[in-house]
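Labels A, B, C and D are assigned to the chains in the order they are written; within every chain, residues are numbered from 1.
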């Protein structure tokens, strides 16, 4: 079923949910500003359901918006929040639930089988600003722009996370839009970037990361958007213990990015939001993927980005290898 | 020569290392006697240059070369000194084998048995290992230091009947024959008598020094077991010695008749 | 490297095994370079990867995390978590550009005084060749 | 602002010999917060501790750094000294400038610089110390003793006499252990069973001792005062309650097997006891030799048993015991045949080990005490004893000296002369070690009165030649090679830990050395304790011991247990984890990493504005937490911390140790 039809089905579903009071609000996507990017929208009034859209520009992972800041009041039960969920949103929600920051009945998930979303930056770079619509077909994407229709291959314009996506369908959602049978993976994560970096010498790698981290503003956007970074108070902002110095000199940047990457090791769901939101475009997924691949190679966790009952770093296997020994001859 | 021909007949190509020299005969007991390691190091380095592992027929050579090889791989300082002195680069990449090991591990004694033309129709033969082949056990890792089996299996493959006796791993007196002949005669004759007591008709060894000492002691014994080198047995069993004899390569058939 | 410069190595040593192994090296009067400084922790499982990065930040030229051999841990599983954590941390540090020789993880038991001295010698030797560490280091 | 006192010890020359103690003291004085810095020759001595006490009172110190030896040595000493002077003992830190500094660095300048760094780190750690009070946990006043040899029996008796219950677990069907296999004992030559059997009877009769025969400890959980031990008892196929010990079954049983107790020299029946004075005197069926159990035939014992005690369907029994302390007394084994190829052991029947010789000597042994050759039963006229068979031999055997062989070999030679007056004993030895009371005199008597011929030298080869065992050796004092055509050769084989001891060590979480002997808490000062609180050692489990030492060990260990049980509650070290509930996000990822399941979820109710709200947080059970700290690393928001080793303290120590004296060029 095309995204357009699913959009209508979504609007109908949300209208009914809000009218019946089953949910106290719905998080979905609304019309963007023509820059090939739909934006999250919060709907509490059934009439506003019309504003919801479902198009190839709904790339953001919006799961973390359902996280409540204030704890549950004693004796009262909150009505759930509705949310439109792609595969990556499903993983992010599972992450929040595994970390016990979200209970299953806090959310009412309206999922759909997502075949990949457009990367606004890639599209702007190729087609300029004026893009009014897009349609996925096979492994191509047809765009309507000010200068007429243009067709690009998926590889040229989809988000990296989609090109690596093996979980297009969110699990245990309350409502599933459309009836697609082809719920196979949209892409495959080949960790190419990681392998390239590993091929460099230590000094070259250090220069690479120095150039990236020098730009970091310590705005914490990557932490705020990450579903794995869901602590109430982030230890990196802890005044007493001074885990992290306040000035943005290079050594503190390394400490921040090392710690953030280590804290999400084995927990990152690969949604790529940290990289997308970074104002200075630091390739954070290169760090997350490095840890994902090592966890896969060292501990045999075949899909480290899928949250499970146990965490890779929260368990051990008596025959675990000593990963610090140099037996595997990396490039 | 008998070894090379027998090996060829078993499908193994053994090229002689050109311009080889003595292996140093003794692995130095003092840890800083590095000069003694120069000749075995040169042998190993030239084998490395020739691009092949090293095979030897003599337990003495195996002992020196294998232990030098291990020392050079482990101790960078000694390696550096030897490389400067001999002006050849080598860091222990090669392995050193005794022909018996090659027969056991590469061809396999069962295959050898299939190739046997003249089986030794169960002559009782006493395998004599001596000490250099087996000890120090950790460095040599050739066989069990006190209860070795490799020669027994080799002999059984050739159709002979091996017999074990307490002195099969006792020292033959080695190079003491130079300084005090009678002590080697005493040691070697003890070995011969023990083999004799075990009913051995022949005694096979894999080290020229042992053979020399045993022959020395055999003179003063009444009908001691016949002494033979393991490659002679191999060549005879494979029928290679007859071929060599025809074209004059072999002076005389050194194989003692079975009595 | 100037000869008077000596690398500064910070070691996180588990009190039951490695710290006791270092004590044994002392009672045996072994000799090893004075480049290492030990921090006593109850278990190698107590060492937070941020401590390791903090050491490099504050000027350590090398860091060692050492604990009991798997199976000997006084707390049964402490070092088994260490093994997983530091398999990742070692590779992440190298991925960020740290030379492999600067960060080591070892199992050293209370009976292995010689092994402790050997590890210190090896690290001092390796790091002396690399020279002082400037990576991730705080500029005063 | 903190008022910290630094006390630098010279430890005679141990520290002052390499470290400029005065320079370290002055450097410490310069550290902010240090109000008192002093050095003294022996800090741990009485005057040293008084110095500390006075300084605490006069200068109102609230933190103490003692720069001296390893905390493993004197942390307790200085903490109790501080406590007496009114300072909380957990405000004291040791700076190890001896084992980790003066003893291992030759260059004085570097050693002094390093000592100064170590002191600075300790000061930073003390600055962030908090006063802590030990937590109290309940205590089960019941002990477990593993191993029913003389050591196990003695400790069980002492604990039981002290008024506490004991469970004695023994893997064989009878207690008595190694000593039961001996004939006479040195140096008094009194017969082993005469002095052992009364004690065995006493153990069996003691109301507070519960025997668990044919049993092994398979699992141990919990911690000092609160161990839960799982015991697995192998089936004996005889109901010992019904059995009256008439041993008719043993008489009539047709199946015989080599008796392990007699080292294979004698035979025993499939059903029966190892030796007549076995306690409990109840038979056991060796399943793999019982015709009924193997092939369903025979079954005579079941038919003739007057009280129908035989029960072929008996299964393995597994049960748990709650105990407060564990004493390990598993004893020793001797090195097997694999190490003595050159002595022909295992190949020639007349080459036996010392335990087998004991059985030949024993009146209840296979030859009723007559020394006979296992091959043809003849009385040997020439016997060669080989000392250090596998001991003091790092290449092929064990590096250590097995301590008891010199003595029992002298005993063997003496007994041999008494039993075979015209026989000649030869003893190849390296050095005779006879350090106990009356030991040296005993050996001299063996030489002077009993004609034992001591040959100083090692044996190179033993081989059989026309019925005789030829021993080739050397006499280094005479400078000659020696060849003896002997009738019997006895190897004084090396003492090794009991087989299975290493696996038990892992179950008990007690470290063992590379040979498999258990590590004492401190080789000199705490020989009967282990680093695992509540687990004690008695006898040869910790290294070769003779009987007097084993018994002394056993009583020592029992005394330690009695001390432990003397108070009703146990004080647990307060160095445990603690949750800062304001930071905890309730993710509970700390729970799976806790080896002691000491962390649970707690519903926190707190007031936010006008509303009462609830959220889950983690909470630590002080009784279970052993303070390993694994949870504090799994905790990402820094809520979990470990008292005594907090994040702040360790970061401060890192900072102090890395203080960039010179930045890199």
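Convention: a residue touches a chain if its C-beta (ideal position, glycine included) is under 8 Å from a C-beta of that chain, and two chains touch if they have at least 3 such contacts.
All values derive from a computational prediction rather than experimental measurement.
Path length between chain A and chain B in the touching-chain graph (shortest route): 2. Shared contact partners of chain A and chain D are C.
With chains reduced to the mean position of their C-alpha atoms, the one farthest from chain C is B.
Set side by side, the interfaces A-C and B-D show unequal numbers of C-beta pairs in contact, with more at A-C.
Centre-to-centre separation of chain B and chain D, using mean CA positions: 49 Å. Note on chain placement: the centre of chain A and the centre of chain C lie 37 Å apart, centres being C-alpha means.
The centroid of the Cα atoms in chain C and the matching centroid in chain D are 30 Å apart. Touching of two or more other chains is recorded for residues 243, 313 of chain A. Among all residues of chain C, those that touch two or more other chains are 49, 54, 77, 81, 85, 137. Shown for chain B are the residues in touch with two or more other chains, of which there are none. Viewed as a contact network, the protein chains fit none of the simple shapes, being neither a path, a ring, a star nor fully connected.
Contact annotation for chain pairs lists A-C, A-D, B-D, C-D, with touch applied as defined.
The part of chain B that touches chain D in the complex is made up of residues 136, 138, 144-147, 166-167, 170, 194, 197.
Across the interface of their complex, chain D is touched by residues 6, 8, 10, 12, 15-17, 19-20, 22-23, 25-27, 29-34, 37-43, 45-49, 51, 54-55, 58-60, 68, 71-78, 81, 85, 109-111, 117, 131-134, 137, 140 of chain C. By the touch rule above, chain C contacts chain A in their complex via residues 49-50, 53-54, 56-57, 70, 77, 80-81, 83-100, 103-105, 135-139. Chain A contributes residues 194, 197-198, 202-210, 243, 245, 249-252, 254-255, 258-259, 261-262, 265, 287, 290-291, 294-295, 298-299, 312-313, 316, 318, 320-324, 326 to its touches with chain C in the complex. Contacts from chain D toward chain C in the complex involve residues 70-72, 96, 98-101, 103-107, 110-111, 113-114, 117-118, 121, 506, 509, 511, 513-514, 519, 531-532, 575, 593, 595-596, 626-630, 632-634, 642, 645, 647, 650-651, 653-655, 657-660, 663-665.
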